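This is the structure I want to talk about, given as structure tokens.
Going in written order, the chains are labelled A, B and C, and every chain counts its residues from 1.
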Amino acid sequence: MKRSIAVFVVLLGFPLVMSAIDNLFYVSFASRVIIYAIAATSLNLVLGYGGMISFGHAAFVGAGAYAASICIAEGVTSAWLGWPAAIAASALAAWLIGAVSLRTRGVYFIMITLAFAQMAFYLVNSMKAYGGDEGLTLPQRAELGLGLDLGNEVVFYYVVLFFLALSLYGLHRVMQSRFGRVVIAIRENEARAEAIGLPVQRYQLACFVIAGAVAGLAGALLASHGKYVNPNVLHWVQSGTLMIMVILGGVGQLWGGAIGAFVLLGLEHVISDYPIPWLAAVAPNYQQHANLGVGLVMLAIVLFAPHGVAGLLSRRRGA
Amino acid sequence: MLELRRVSKRFVGVVATDDVTLEVKSGEVHALIGPNGAGKTTLISQISGTLPSDRGEIRFDGRDITHARPHERVRLGLARSYQVTSIFKRFTVLDNLALAVQARSGSSFSFWRPVAAEGGLFDEARSVAGEIGLSQKLSSIAATLAHGEQRALEVGLALATRPKLVLLDEPLAGMGPEEAQRMIALIDRVRSRVTVLLVEHDMDAVFRLANRISVLVDGRLIASGAPETIKADEQVRKAYLGDEVAA
Amino acid sequence: MSWILILEQTLNGLQFGLMLFLLAAGLTLVFGIMDMINLAHGSLYMLGAFIASTLVQATGSFVAGVLLAIPATAILGMALEISVLRTLYARDHLSQVLATFALILIINELTRLAWGSDAALPMPQALSGPVELLPGLRYPAYRLVIIAVGILVALLLFILVAKTRVGMLVRAGASNREMALAMGVDIKTLFTLVFGAGAALCAVAGAMLAPLFAVQVGMGENILILAFVVIVIGGIGSIRGALVGAVLVGIVDTIGRAFLPIVFGIFFQPRVASAAGPAIASVTIYLLMAVVLFFRPQGLFPARG
């Protein structure tokens, strides 16, 4: 708990430092990282704590992003309407997809979530009214009122940071609650959980829907952040990226999603924007092939450090 | 309390349970014995609901539960322990039992209040732990327990749901003589509160505990009645008991 | 709506389905026998196409290029299996998913480095004309060749799996791995061979489909999802299921895309039809999958009882 607070103090101070040196690009970049942290944290609930390998989580981020975008595109610019709409849309999508998918197990579950997410991708792709495969550009970010201008990068940063704090604290409380215990128990031994009287599928579905809802919020924030949304947000490669973040950061660890998002996006940024001279001399176009590095790092993590970065940290503390 | 009528289950090419009609009376310890592969665990799974029956009817406490889902049956008071230990290995003993108590006491759709604040859950878990003899091991991780202790926890999980009837599938499996005595004593202790359907190979335990015995061979029930009757039954001796029974 | 059109689209669906079968067969065997999720299977399909394009250019002959690409891809596949994939058999599904996902990224980028983002594999001149199958039905010769190749390979596969000793081992492994191990089968070599065979099948599909679709980095991911849908519908570990599933998916998808917008146009206003028609058409196979899974969660022909 204390470490978490310390981290948040740093995060709170960050944009002030950046403003001081007049570098708002990094504030915007940090906002993007935080939004992905929220999305990855929501996946952590389902995947890390719940043990459900859902390969379609991007669909829920996308549902939220599109719901929020459509609101703004249609003139409903208030975040107080748009963001709850996004959460409702993604929760509904999670409920529908979960209700069918959770009837299957193991490999089938992974593939059916993957397939449903891809289905959502194709659906959105063919929505010509909202940009189709070219995506939808928004005239503005959502409006929060309360004297807060979301167009201001620093203000936006604090708003998304608030939601990250809320998500992490919420995850913390949920995992301490009865519901959290059940979720972990189901992951540990599903058959026995049922045998002591727990309606397993109901809890798994609830977990799925909660995670979907939070992912939808992340999606809405993402749409406002870039003032743009396109079907790629729902592509299964995006789901894979979110999963990488969770495992990179540490499954089932509170900060796992956030750490993973920070490391992955940070790595991508560093590789593409900061040329390493000797590497550039050997392979001139290496920065365009950043994915190669990401892939190699990911492979290494899976093969050699399966508990992710957070796992490494907690093991060093002797936990 | 528990009535099975013509319960059957067939797998591809194999009839596992065949037309089994059986009654377990309230308050008794009813033993189910039979050679390996006789279908005992299959029958238990059918009763607990994890294996749907092909034919037949199962009634519990007056209600037809033939099509009820496993967790519904537990809620009605029908619990089960497993032949192959199936506990929550990474939880502590206390958390294992507390979870079972939690499962039967209200809904777990509670997202905010920390479980740690629910003193009642843990008190009850502690009392169950006392009953199964694991009071000294409350904070041990289940995976670190000795085999006999794990079997005790296995039974404890079933008992913690406060069942009216408990299905014990070979609780003494793999136990040495001391541990076995402890398990027998445990079953003796709880019999006043819980009806027991006991599947066992350990004849010593069976004859010490059972009010009535039923014998399953090749999926069919060949005899059912008081222990003395069963001991004397020619069919049973031929099919199963052989030299195992002390004269 | 003419019968000619329907027949034509059915043939297209059959053609696509047979190629899907080639991918699905390899994928389902790897799942069924090694219990491993291999997302990089689509990458083998992509590599097959790229290698074929290079070899066709090098040899000047379509047939030679494609035939040589098959063993080349198989060797690459086996090398991949021996080096990286073997360590994943013992790991949990999540690790397999992530590791093979990482492999997709790596292979995609390496392909880009070696070939650039796309390559060309043009249709052979001799086959680029139409053939008159029935009076009024002219069908592209090349697509007929694909159908023929698909049926041939399917037959070969069935003979291999059903009639040979290796095939028996494969089937044994698919339905009960522990049993196969207990019988003393050299699992490691068997796995490598199965993987190589799967890679070879991918190469055939990749090379044959290349003249019709573009050869580009990322082509593997899109078809991979379809292959997954096929084996989910057909049942994991079952080659028969893969065939039925693939043909079903191929035909439903093709006919759906061709006719649903028209059907919608009949029943709904143009604006709705033009928006909803293509959208529903692209998701028909996913709906098919959902329906199949609802009634038979193990697929149509599950290999494991």
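In the analysis below, contacts are C-beta pairs under 8 Å (C-beta built on N, C-alpha and C of every residue); 3 or more make two chains touch, one makes a residue touch a chain.
Because the structure is a prediction, the values reported are computed rather than measured.
**Q** Could you name all chains that are in contact with chain A and with chain B at the same time?
**A** Joint contacts: the list comes back empty.
**Q** Centre of all protein Cα atoms: which chain's centre is nearest to it?
**A** The chain sitting closest to the overall C-alpha centre is A.
**Q** Using each chain's Cα centroid, which is most distant from the centroid of chain C?
**A** Taking each chain's C-alpha mean as its centre, the farthest from chain C is B.
**Q** When all chain pairs are ranked by how many C-beta pairs they have in contact, which pair ranks first?
**A** Greatest number of C-beta pairs in contact occurs for A-C.
**Q** For chain A and chain B, let me know how many angstrom lie between their CA-based centres, rounded off.
**A** 44
**Q** Just curious, how far off is chain C from chain B if you go by their C-alpha centres, in Å?
**A** Chain centroid spacing, chain B to chain C, equals 49 Å.
**Q** Taking the mean of the CA coordinates per chain, how far is chain A from chain C in Å?
**A** 31
**Q** For chain B, which residues are shared contacts with two or more other chains?
**A** none
**Q** For chain A, write out the residues touching at least two other chains, lowest number first.
**A** none
**Q** Under the touch definition given earlier, write down the residues of chain A that touch chain C in their complex.
**A** Touch list, chain A to chain C: 47, 53, 55, 100, 103-104, 106-108, 110-112, 114-116, 118-119, 122-123, 125-129, 236-237, 240, 243-244, 247, 251, 289, 291-292, 294-296, 298-299, 302-303, 306.
**Q** Tell me, which parts of chain B touch chain A in their complex?
**A** Those in contact with chain A are residues 48, 50, 69-71, 74-75, 79-80, 82, 86-91, 95, 99-100, 102-104, 107-116, 118, 157-158, 160-161.
**Q** Could you please specify the touching residues of chain C with respect to chain A in the complex?
**A** Within the complex, chain C touches chain A at residues 31, 35, 37, 84, 87, 93-95, 97-99, 101-106, 108-110, 112-113, 221, 225, 228-229, 231-232, 236, 274-275, 278-279, 282-283, 286, 289-290, 293-294, 297-299.
**Q** Within their complex, state which residues of chain A touch chain B.
**A** Touch residues, chain A against chain B: 173-174, 176-182, 185, 188-189, 191-200, 203, 206.
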